[in-house]
Amino acid sequence: GPDSVRLGYFPNLTHAPALIADAKGFYAEHLGATNLEVSTFNAGPSTIEALFSGAIDMAVIGPNPTINGYAQSGGEALRVVAGVASGGAALVVRPGIESVSELKGSTLATPQLGNTQDVALRTWLAGEGLSADTEGGGDVSIMPQENAAALQAFNSGQIDGAWVPEPWLTRLVEEGGGQVLVDERELWPNGAFIVANVIVRAEFLEDHPDTVEAVIEGHLDSLDFIAKSPDEARSVFNTKMDAITGQSINDEYLVEAWENVDFLYDPLPDTLFTGAEHAVAVGLLNEVDLDGIYDLGPLNRVLESRNLEPVASP
Amino acid sequence: MRIALDSVDLDIRQGEFLCLLGQSGCGKSTLLNLVAGLDGPTRGTIELGGRRIGMMFQDANLFPWLTVRGNIELALRLSGVPKSEFNDRVDDLLSTVRLPGAASLRPHELSGGMRQRVALARTLAQDCSILLMDEPFGALDAITRDAMHDETERIWAERGLTVIFVTHNVRESARLGDRVIVMAPNPGRIDSELLIELPRPRLMDHPDVSSRAAELHRRLQNGIS
Amino acid sequence: MRIALDSVDLDIRQGEFLCLLGQSGCGKSTLLNLVAGLDGPTRGTIELGGRRIGMMFQDANLFPWLTVRGNIELALRLSGVPKSEFNDRVDDLLSTVRLPGAASLRPHELSGGMRQRVALARTLAQDCSILLMDEPFGALDAITRDAMHDETERIWAERGLTVIFVTHNVRESARLGDRVIVMAPNPGRIDSELLIELPRPRLMDHPDVSSRAAELHRRLQNGIS
Amino acid sequence: MLAILIVLATWQGIYLSGWRPPYVLPDPGVVIQRVGEMLTTAKFWTALGTTLLRAAAGFAIAVTIGTVIGLLVSRSRILRAAIGSLITGLQTMPSIAWFPFAILIFGLSEQAILFVVILGAAPSIANGIISGIDDVPTALLRTATALGARGFVMYRYIVVPAALPAYLSGLKQGWAFAWRSLMAGELLVIIASRPSLGVELQFYREFADTAGLMAIMIIILALGMLVDGGFNSISKRVRRKRGLTLAA
Amino acid sequence: MLAILIVLATWQGIYLSGWRPPYVLPDPGVVIQRVGEMLTTAKFWTALGTTLLRAAAGFAIAVTIGTVIGLLVSRSRILRAAIGSLITGLQTMPSIAWFPFAILIFGLSEQAILFVVILGAAPSIANGIISGIDDVPTALLRTATALGARGFVMYRYIVVPAALPAYLSGLKQGWAFAWRSLMAGELLVIIASRPSLGVELQFYREFADTAGLMAIMIIILALGMLVDGGFNSISKRVRRKRGLTLAA
């Protein structure tokens, strides 16, 4: 194997398996002589930039940057090799809005124009017959907003609701007195849709498939640990968060938020493709060819060695 | 602390033309600054009886962002002259200092002597009753300087000004002064004074002026040796 | 375009002490700047024969971030004097200009005349064979100026310098010059010249000097009228 | 111009050497083509218009506030002791730190963006005028005092004109602060009907579109150079009038 | 000091009026307590140390590069025409635009952060020295020429000391740019074992911890004021030596 493998992730709830695997040494266990070098990021673009320029080999990242990175490099730069998390996003609105029809004329926030939640909100509104253009006009005015700003704007009554990921969802409910109008899981078959997956630099995958497998082994160990001892997993996660960011998530919120997220190894390719189609449909993405974005060989080999069902390739 | 001026005790009559003579560095400029209120004395007082003071510095200190006209107009404006009179007054003052064509030039386009004369014009533009002049004609040739002497004397008489005039030219002090104060250095102090009771206008090379100048020169030399 | 100097044609002998007289604004400083190579002539040429030029400006232009000593040392450094000699040379030069105690003062702490003398010391610190001086003693009292005349003459003779000396003091030009050039204004040009063939050292109030001064004064006055 | 050609040539050289794949280091030709394409879309011009308008408004207010504060601080010893250092302190505060306050005070509005821009630029402008005033030659101030200038008049006719060259260079720095704060601040409130350069820049990064990012960077660079040209021609004129230009 | 008290009093007043809930506008008392708590954690001091070290290193390099470029540009007409405006152009480029290049050239390393800091601060410093040099009085330059100063010697002994006050205020602006670029640049790659102020600031924001954010802002402000104090004492000394201080 190579001297080292460089992995990137965000200090973020949906990346919890990576934080925990890192903290508990699950990756290192399988990597043997290969060194693990971890970088943490706070946003997709720098992660993709780092992957593009060869500064990292693998990363945990959301579906949006994954699609963009794949499309911009003409399919050359990266491959998705495993899933990380599903769910954990919802539309939270202020009390008084009880149904879809009452959303008419309201202002809603999403984390970012064109990101997963933004596309989800637009797709859902369209399905409900409400118009919302990318310019902030229509029946519902959508204002893309950083999550922290959205919380503040919600708290001070400047927006009527927001479609946000965890732990913001819980904070909007707990701190802002909001209520969940739509849990995004309700909108997907099986209640599952991908919000984070593992990507690898295509060249690295080609040169060192064994190393990628080792990392996936660590990832699976982490998922096992989360499933078996959720309380301990939460505390490991929060300790690691604190180490990276100097902040930890309020324990009560964390319990609640944890409930809303499913950690998994299946990258749910169909939901990624559907998400991309939705984005194209609402005019936030150009038609892209995502053929070949998945390489589930390593994952399935690992699953096989553990006597688990292989995941379906698209 | 070095002491620039020590025990200077001086009464000046209103309307008097007083000249200050003294070796370089003896404290003449310092004394003028004190009178103008630009510096405060460490000890002692200066009584002015509420009169307005105009001062012409040893350096021309023209404002570089203004033309010659602008510099003089600024002084007029600060003296409360109505704007409508600016043009005439500036032209007047410029011909007084023999620079009729220089109105639109900028300070850096002037020769040293021209700058000094613009500074004089600017000072004369002020409405003041006490006029302090620090070596005002040091950079002028004899001919121009003679003309400036005549003008200064005329304005002094016309406006009833009190003038304190610093110079290092003994003959100039005898030409202009009602009284000449000779200062001595280290620390700066008044050495002696000489009343010049000659009729005006006087001529620079008149024998009476020459004799007073010689006397002053002698006193200066004594003060130094 | 205004023409500052028109058809100036001047040969200067090596080792000559040449004085320039002329009305304020007639182009004396401009001529020195041209000789020093600080400005280029619009037309015409200036031949120097490769000699090094030192110049003392009409304004002292001391460097405000340096002390008196620092200003003089800088000139020494730029002339390639070894550092070990700085102290002695600076002390020497300061006593030449009668400012032995001023080494550690800063320019803004000096009187006008003191600044001028520091500028003189700085110019003399240069190793040059042609020395241009623009009204160097304009801000000095008679006594100090006499001393400076003696020193200038001594250094001129010792170093075999060629000096071009601008002044507006006719008597000074007669005291110092081998030859005096009288300039006329509008546009600046050479009006006439006067050879001063008097033995040195001369005295300012010697009758021979006085007679030459009177003649120069007359010429100046004619040029103007 | 020459510098640009050299940069382009080097870039093309590195590109052709194949050091990095084109999605990391794009072909300069492609980037220039992208610039060309951008310049032909209506959206780009709307974005440019929005951003420039915000920049102009924010900068104008920042200049006013910065100048007034700078003048006050430079005048009064007490104020200088009280808030002199605070100005530099504010200057070092990153724009994003102001976001919560901007939203708190102004809501999700244009004013919130302007607030961030002003807090970014005004301190720098204030510092520019303070240091300009501190460097006004004492001789000129004494002369003006002797001419009877006091208080406001002294400032209006002497101090401000004397400090003008330094003030102008303070304004230039202030512009840079304003612009950079604006690029951040435009992400604060993405008013979608109003595309803006800051948002465009962010999107190109989001979409990992390196060529687009570089195209927008080139446009920002060009705008910056244009503004610099404006400032320079003003300060050149000021300098020439004062005889501050070197003959050669 | 007084200003701080006034700000605190107003803030306390608004807080007590209950205008906005405490998680939006926190109690000043709580914020000050948070500052106190921060100051007692070892982690904070590590973060401060890391950030200050980066700031110092980045600023030092930016000063070197900015000064050299500024000197070259101010000397040569060709260079000025070629890259003079480019400097201001670069100054207006937001830090995040440099991230891809920083990563491309330096990978995820301290150097990448320094790169962003240097690109942020060096143009400002270069502009500071250029405008300082442009304002050097012509008379002094002519005098120096007459004394035989040329080329490097002219710069070393005349131009640079004469431009020093303006240069110092350029450095102050440069520090502000460096600091703000650093706050952004530290987010480029978050090195877990190395906490930093930029990361702290960002995460207080991301966690919408308003009290913590304000605490860190107060610390940044205090640091900025400290640095300003340093610059001021230097430039005050320079000014006094030159007789630039107003007598009253």
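So that you can tell them apart, the chains are marked A, B, C, D and E in the order they are listed, and the count of residues begins at 1 in each.
Keep this in mind: a residue touches a chain if its C-beta (ideal position, glycine included) is under 8 Å from a C-beta of that chain, and two chains touch if they have at least 3 such contacts.
Listed by chain with UniProt protein names: B, C = ABC transporter ATP-binding protein; D, E = ABC transporter permease.
All values derive from a computational prediction rather than experimental measurement.
In summary, the chains found to touch both chain A and chain D (ABC transporter permease) are E. The highest number of C-beta contact pairs joins the chains D-E. Distance between chain B and chain C, defined via averaged C-alpha coordinates, is recorded as 25 Å. One finds 49 Å separating the Cα centroids of chain C and chain E (ABC transporter permease). Taking each chain's centre as the average of its CA atoms, chain A and chain E (ABC transporter permease) sit 36 Å apart. Shared interface positions of chain B, i.e. residues touching 2 or more other chains, are given as 38, 59, 108.
Those residues of chain D (ABC transporter permease) in touch with two or more other chains are numbered 20, 24, 99-100, 104, 138, 205, 210, 243, 247.
Residues of chain A in contact with two or more other chains: 45, 49, 52-53, 148, 152, 156.
Taken together, the chain C residues at the contact with chain B in this complex read 21-25, 28-30, 58-59, 110-114, 117, 134-135, 138-145, 168-170, 217, 220-221, 224. Chain A contributes residues 44-45, 48-49, 52-53, 64-65, 68-69, 72-74, 76-77, 112-114, 133-137, 142-146, 148-149, 152-153, 156, 158-159 to its touches with chain D (ABC transporter permease) in the complex. For chain C in complex with chain E (ABC transporter permease), the touching residues are 33, 36, 38, 52-55, 57, 59, 61, 63-66, 74-75, 77-79, 106-109, 122, 126. Within the complex formed with chain E (ABC transporter permease), the chain A residues making contact are 6, 11, 38-43, 45-46, 49-50, 52-56, 147-148, 151-152, 155-156, 171, 175, 243-247, 249. Taken in their complex, chain D (ABC transporter permease) has these residues touching chain A: 20-21, 23-24, 99-100, 103-104, 107-108, 187-193, 199, 203, 205-210.
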